[in-house]
Amino acid sequence: MSRFSESQDPLFQALNSSISFDFRLAPYDLEQSIAHARMLARSGIITGDDLEAIERGLEEVRAEVEGDRFEILPADEDVHMAIERRLTEIVGEPGARLHTARSRNDQVATDVAMLVRAHSLQAKDLLARLMGTIVELAERHLDWPMPGYTHLQRAQPVYLSHHLMAYFWKFRRDLQRFNFCLNATEDLPLGAGALAGVNYDTSRMFVAQELGFGGISENSIDAVSNRDFVLDYLSAAATCATHMSQLGAEIVTWSSEEFGFCEVADRFASGSSLMPQKKNPDAAELLRAKAPRVAGRLATLHGVLHGLPLTYNKDLQEDKEQLFDAVDTVELCLSVAIEMLAGIAFNRSRLAAAAADELPAATDVADLLVRRGVPFRTAHGTVAGLVRAALEQGKQLSELTEAELAELAPKLRDDSAAAEGAFQAFYEVLKKDSWLESKVSSGGTSLPRVRDQLAVARHLLEDLSDRT
Amino acid sequence: MSRFSESQDPLFQALNSSISFDFRLAPYDLEQSIAHARMLARSGIITGDDLEAIERGLEEVRAEVEGDRFEILPADEDVHMAIERRLTEIVGEPGARLHTARSRNDQVATDVAMLVRAHSLQAKDLLARLMGTIVELAERHLDWPMPGYTHLQRAQPVYLSHHLMAYFWKFRRDLQRFNFCLNATEDLPLGAGALAGVNYDTSRMFVAQELGFGGISENSIDAVSNRDFVLDYLSAAATCATHMSQLGAEIVTWSSEEFGFCEVADRFASGSSLMPQKKNPDAAELLRAKAPRVAGRLATLHGVLHGLPLTYNKDLQEDKEQLFDAVDTVELCLSVAIEMLAGIAFNRSRLAAAAADELPAATDVADLLVRRGVPFRTAHGTVAGLVRAALEQGKQLSELTEAELAELAPKLRDDSAAAEGAFQAFYEVLKKDSWLESKVSSGGTSLPRVRDQLAVARHLLEDLSDRT
Amino acid sequence: MSRFSESQDPLFQALNSSISFDFRLAPYDLEQSIAHARMLARSGIITGDDLEAIERGLEEVRAEVEGDRFEILPADEDVHMAIERRLTEIVGEPGARLHTARSRNDQVATDVAMLVRAHSLQAKDLLARLMGTIVELAERHLDWPMPGYTHLQRAQPVYLSHHLMAYFWKFRRDLQRFNFCLNATEDLPLGAGALAGVNYDTSRMFVAQELGFGGISENSIDAVSNRDFVLDYLSAAATCATHMSQLGAEIVTWSSEEFGFCEVADRFASGSSLMPQKKNPDAAELLRAKAPRVAGRLATLHGVLHGLPLTYNKDLQEDKEQLFDAVDTVELCLSVAIEMLAGIAFNRSRLAAAAADELPAATDVADLLVRRGVPFRTAHGTVAGLVRAALEQGKQLSELTEAELAELAPKLRDDSAAAEGAFQAFYEVLKKDSWLESKVSSGGTSLPRVRDQLAVARHLLEDLSDRT
Amino acid sequence: MSRFSESQDPLFQALNSSISFDFRLAPYDLEQSIAHARMLARSGIITGDDLEAIERGLEEVRAEVEGDRFEILPADEDVHMAIERRLTEIVGEPGARLHTARSRNDQVATDVAMLVRAHSLQAKDLLARLMGTIVELAERHLDWPMPGYTHLQRAQPVYLSHHLMAYFWKFRRDLQRFNFCLNATEDLPLGAGALAGVNYDTSRMFVAQELGFGGISENSIDAVSNRDFVLDYLSAAATCATHMSQLGAEIVTWSSEEFGFCEVADRFASGSSLMPQKKNPDAAELLRAKAPRVAGRLATLHGVLHGLPLTYNKDLQEDKEQLFDAVDTVELCLSVAIEMLAGIAFNRSRLAAAAADELPAATDVADLLVRRGVPFRTAHGTVAGLVRAALEQGKQLSELTEAELAELAPKLRDDSAAAEGAFQAFYEVLKKDSWLESKVSSGGTSLPRVRDQLAVARHLLEDLSDRT
């Protein structure tokens, strides 16, 4: 019996009702209710018979939910009311005792925290699989030269393995962000009641342990108003989606006829309704396209929380659709990224041809001068002059004659050299392998360093799988 | 027969398929196809028999869609393919001729533009209704004094009608924004083909007229890459939702026991699962909460389009869910705002009591000094001194004695006054009615000016309804 | 004399003071104050002598501002206080009368509206210049074939002029959006006072006319709380910046060695500190990079306004930095885009080579079948088979033999053909010029249509320059 | 000597140059360069004499920067070039050797990571101070009753201390987020070169240790393209700013005449230019207003990074202004929050009067029924009937007669009660203290639980100060 004299307006119900999307919380709500009921019985707030009835009833509800047989009634405003209503239909009066010592406010915060925990673990698993895929891909393309780019201009040659492994480390940081979400959901909200705590000396730690939380929230007002963990998840998801958008964008570019570096498997591409010859890297495009969606969900929740007074306000209902959409988007994109990468075909000759451009070795020519005592900035200026001379004549750098070198860059002359081989070292440095293997610094692209990197990566992955 | 040797991966299909959300475009797609088929027949590209078959088939499809009998098959990637597939099942070969001289790229742009047009008109209608509700509400509360606030501090008394009418003008500007969306969808994209135009000298103007467009896009590449009109709709929707959030937030504040200015009807409120005495203005809270969601959809689409090369890219598929969600949110919120406002009850005595605070008249005391030749800034300083003296003694301004006035503000003494009535004008100005009625400037809160305003508003509303 | 007993905390001042950024409003504030003073004098609220003093003083202040000699004092909280303080120093008591019948609330709304008007006009001018540059560029590259892309895959050949002109129409819509901003700032806020109107029957229309407004705001509460016009400007700016980001991204891609379609002038590029051979299209990258910044400013202001009660709240101070940054960003980017495009060099042979790919003509082969009565979908399937056969053998389509054609696509056989020329029409359609010139539909890429388009564009530009 | 034949266009320079904002990195750049030079010397890449000259020169530059005497020249494109240019002016050729074995790409990533580290620590310090202020404030107002709100409706009474402490835990989570930023900047980027590593076997760990990094980045491509740590900082800042916006919004509401719960100190408030009586809580309003700004900066950077190919692109330059603005905003807001809270005055009697409303005790009446075996939902319905009866008669709950109770809620009758005291327990439960002290669950508002909470909080704060 409500204290209201009017029934709700259908427009209001359409705006207010959340069951169309929050029914997704049902598994968490059921698990929570079972733990809550056990605590009530242990604390002597309900009887053992009540507990038995409630557990039996909730298991029956769970079976209905899992079997897709749960019937939602028009009056079921949200998942919590729907489950309690059904429970009471099944077991009668004991069902109506379940809501003792809790409120929808702490109940929904707990459900959402449980979902965030579960899907943070899921994201970590998917990321670990994606990282494993990248390592394998890198190992298969260990010594394939390709151009490294800055400003989308060829800059310095690298190995494809090295380029691919850059993503490994980005995704590893994403994994750490989802790990942070586990910390952010460490404290159980349940037991905070509507906002002030409850009238019973309940054992919140018991419930926490039953549900896999590490502790309990220290302040009931904070507990019911806190949605930080949703922000944390959305932030981790947005950064992860941004990384995938970069990966997707590169694959789109590399799949163009002009680059021709790779081709996604047919099962991850689509054709055109009008142009039969087309093979479009749709999956890669969608990886690129989804990041703003996830970032938009994060922006929305920041917006909703902005200036919101404590404690519970209906505005908080807006957290769920943003969260669910981000969860679905990120998990689907990660799954697609794993499979798409596993099946991608790289074109060794196109990559190598692009890497054969001599200009990227200009840096190494400058370094040759530096080793001979020329200050870096002076060396840089000298080599810029060589580049300009080569471009103006449509030559490669190695096609510059000794006479030209002698005029433009006398310091390049080998000290101890005879007349014929006076610029030996210059020509040597322009040979492709030497460029790549000269990058010997830690984290650099030379093969020994890439092998070191892969070893560290393999070790990290083993650590991750040991822990799970 | 596809040129691909592998079938699509289910993960890819889950990411790539849009039919789960774009089936909503079906009515527009059907209308468009009928107009397109008629043009094809007029241009001699298909026969009259083909047209007859196609029209018959599309009407049958429409009946299935409207009757919720249309069966989506797993292979139906999007609404366009689904409808064409079904059409061909029904009418055979003529159905397969329908896609001549168009592509999914111009087809989907056209469908979305049609939807934006339809829902811009719908938003305009709802806004006009909301504006009408506000005018009626203002007329019913024409001369109810209440405090006007700045910084949520009582500043100057106004009439409730005047405060409510502020929203009228905000929503009127929103109506103008949705009007701009009609301009933004004035040019028909259809006929642009995949990107370059089509091989037939089609009559695009004929199709435009059939579908209610005012003209045709001048550049086929622009036509298939253009989603500006979706941005325009989302921008109008975001600003409109922001206005509703301000209205909602004020109602939430005014519904608090502390303000007590209004009470929403029971049919737009909800109770508490734990606290039976509660009456929560949920609808107003949700009006407040929804604005970041719409703004987030706008941000998402700006993000998706950022840096996107011409012409069609799969990324553009992300426009639809953002748009549909904004349409649904704004239309539902407008509908709720109309009904909630119509049923809201204001508390005249609480409003009047709050407006009776004398301090807001301080400005008028300063103006009294200004009329006597005191420069505004000096007058302001003098009155600040009076306010401080009154606050320190816990008095109203009108309780300051003539002796105090003589000391703190000698200029307030009436020039021609006898000894007894020396500060008559000061005490006069502090009477409530005089405050309100002194705001005689155009657009001010005095009753004659509010009546002027209401007359202008009524006139605008009549204009709007004349046009539709 | 303030009523406060404590002076402001320096931390508070750092947060509260706006003069570090709002001093930019000084020219508008001065213009507004002169108009306001004239109205006060006309209405008999101040004397002619006061007006003379105020005008003289304000002109002196303007000279100080323009000469960069205006000294801001620590106590000047904002531009309005600073100017009034300085005015009063110069002319004494009349200066202190200026603030009669207005408030900072309507004053600042007016300044900002004036700035939005001025910079909307500026944006329109820049856009018209950019559109002019594009037309000239298109005319210079009228018949240069290049590939048209969907999904960054070559789809159908187009003329470079046609591709460039796609941007013309996008920027024209941006111009219309900035035009809408002029409507959105049509009504003068000044005269609304703090929120309720003022105690004088002021002539607001006189002020409006002096300042170039078309009318006056009808509701004083709306007038001081309205920042819609800032949202409108930011929205127009965000969409315009998004278009520039697409242009920038295409130039970045086209500048890669792999595409090689264009090269920006040296004066719009930069080198590398380490790699002397690099020429980076930084300007194009920054056009791409700036869109999220402008969209972020829009999102911020939506956020600030979310749930904000009427009328003036300090939160509104956050509008200015967002607006100013967007103004600067968009105007600088437009200026750079104009100059960068004017100096860009396209590579005809690289474009033509990329357009020579035969596969894009597949659509036309399908259309050939359609003309012979094959339903479009069937034709599409047949041609997909040809494409597959060609790709598998590493052939161009035109290298398929008549025997292969006879097997895979018998309908391609010319009806009336002798034995030798049985597939004449097929081979004909694969010649490059025919592809391009076949796109005869309105808005298509065939030369006559592009010329039509350019004529319309020229006409639009003349209209624009006539009006200014 | 550049390879370019044209000098840069001034418009391009205006867009491209970053020194107007990145000069702020100077202290980090100097520190980094000193460490880098030491490493070069240790590795034998430069001589001891060179190192001595470089260190001396850099110290001189530092003195110029700190003394605000550093002169930026028009040709100084960014802070890195400016410092190196000045260094070389001072020490000659050794200065030109400094840039050996690094690039601007790894250099700028390192500077920004150093700044993020420094300001994450700064944010942690400020948060610890804010948390300390809240604990003190809570201790001073330990047992002051006030209403707890849901939906801005009075729900259940709480102690002011308990409400304030809710913010303690929110800010503590923010502190953990800034801690995560320290992890996110654990790996030194320097040594990655332009993208591929450098030609020297440099000792990156030595540099890491000099600069306080815990390790080195494992992949040079990742190192120069990684801006995750900026996203992490912006995300932490956005959530922290959102918490401050909630605190600010509550203070604004509580400062209204209608609530009258608190008054900020004069030194954190401002007056009105027109209304001398006003005292506006501007600082609180600005705390509320700043959150969307910070969230907007985060959204911008997500946008900039969206779809960006590896490795360095000019777009990355957009990270800095977003970051710097967020740093300044959050640090200023935290500083203001600390001081504003320290000086806020609460009004005990207004709070208590608001808390005296009996309706919030309705939950406890329901719990009384539950303890007597009535299922919670049934009890809830019964009490809703009592509330309705009381509201209809304009009574408090405790003014309901025994006859009314007997009719509406017979189960409330005390079992063992004599005729006179039949509803003793009911009336008992409506006494104010009993409401508050009944909330005995962990984290609840009863005094013993708040004291527990304060003890935990004190302990946490000690831990924090021990560590620093």
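All chains are identified by letter, namely A, B, C and D, in their written order; residue positions are counted from 1 within each chain.
Assume contacts are C-beta pairs under 8 Å (C-beta built on N, C-alpha and C of every residue); 3 or more make two chains touch, one makes a residue touch a chain.
The model shown is predicted, which means the values in this text are computed figures rather than measured ones.
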* Common touching chains of chain C and chain B -> A, D
* Structure fact -> More contacting C-beta pairs: C-D or A-C? The answer is C-D
* Structure fact -> Between chain C and chain D, the Cα-mean centres are separated in Å by 34
* Asked: Using mean CA coordinates as chain centres, what's the chain A-chain D distance in Å?
  -> 23
* **Centroid spacing, where centroids are CA-atom means, of chain A and chain C in whole angstrom** => 33
* Structure fact -> The positions of chain A in contact with two or more other chains are 2-3, 99, 105, 149-152, 155-156, 193-194, 253, 271-277, 279-280, 282, 285, 288, 291-292, 295, 299, 302-303, 306-307, 313-314, 363, 381, 384, 387
* Structure fact -> Residue set of chain D touching chain A in the complex reads 1-3, 84, 88, 93-101, 105, 148-152, 155-158, 162-163, 165-170, 173, 176-177, 180, 183-184, 191-202, 204-205, 216-226, 228, 231-232, 235, 238-239, 242, 245-246, 248-250, 253, 288, 291-292, 295, 298-299, 302-303, 305-314, 363-364, 367, 370, 375-378, 381-382, 384-385, 387-388, 391, 438-446, 449, 453, 456-457
* chain D-touching residues of chain B, taken from the complex the two chains share -> 147, 149-156, 252-253, 255-260, 271-282, 285, 299, 302-303, 306-307, 354, 357, 359-360, 362-363, 366, 380-381, 383-384, 386-387
* Show which residues of chain A lie in contact with chain B when the two form their complex. => 2-9, 11-12, 14-16, 77, 80-81, 99, 103-105, 193-194, 265-277, 279-280, 282-283, 285-286, 288-293, 295-297, 299-304, 306, 313-315, 317-318, 322, 332-333, 335-336, 339-340
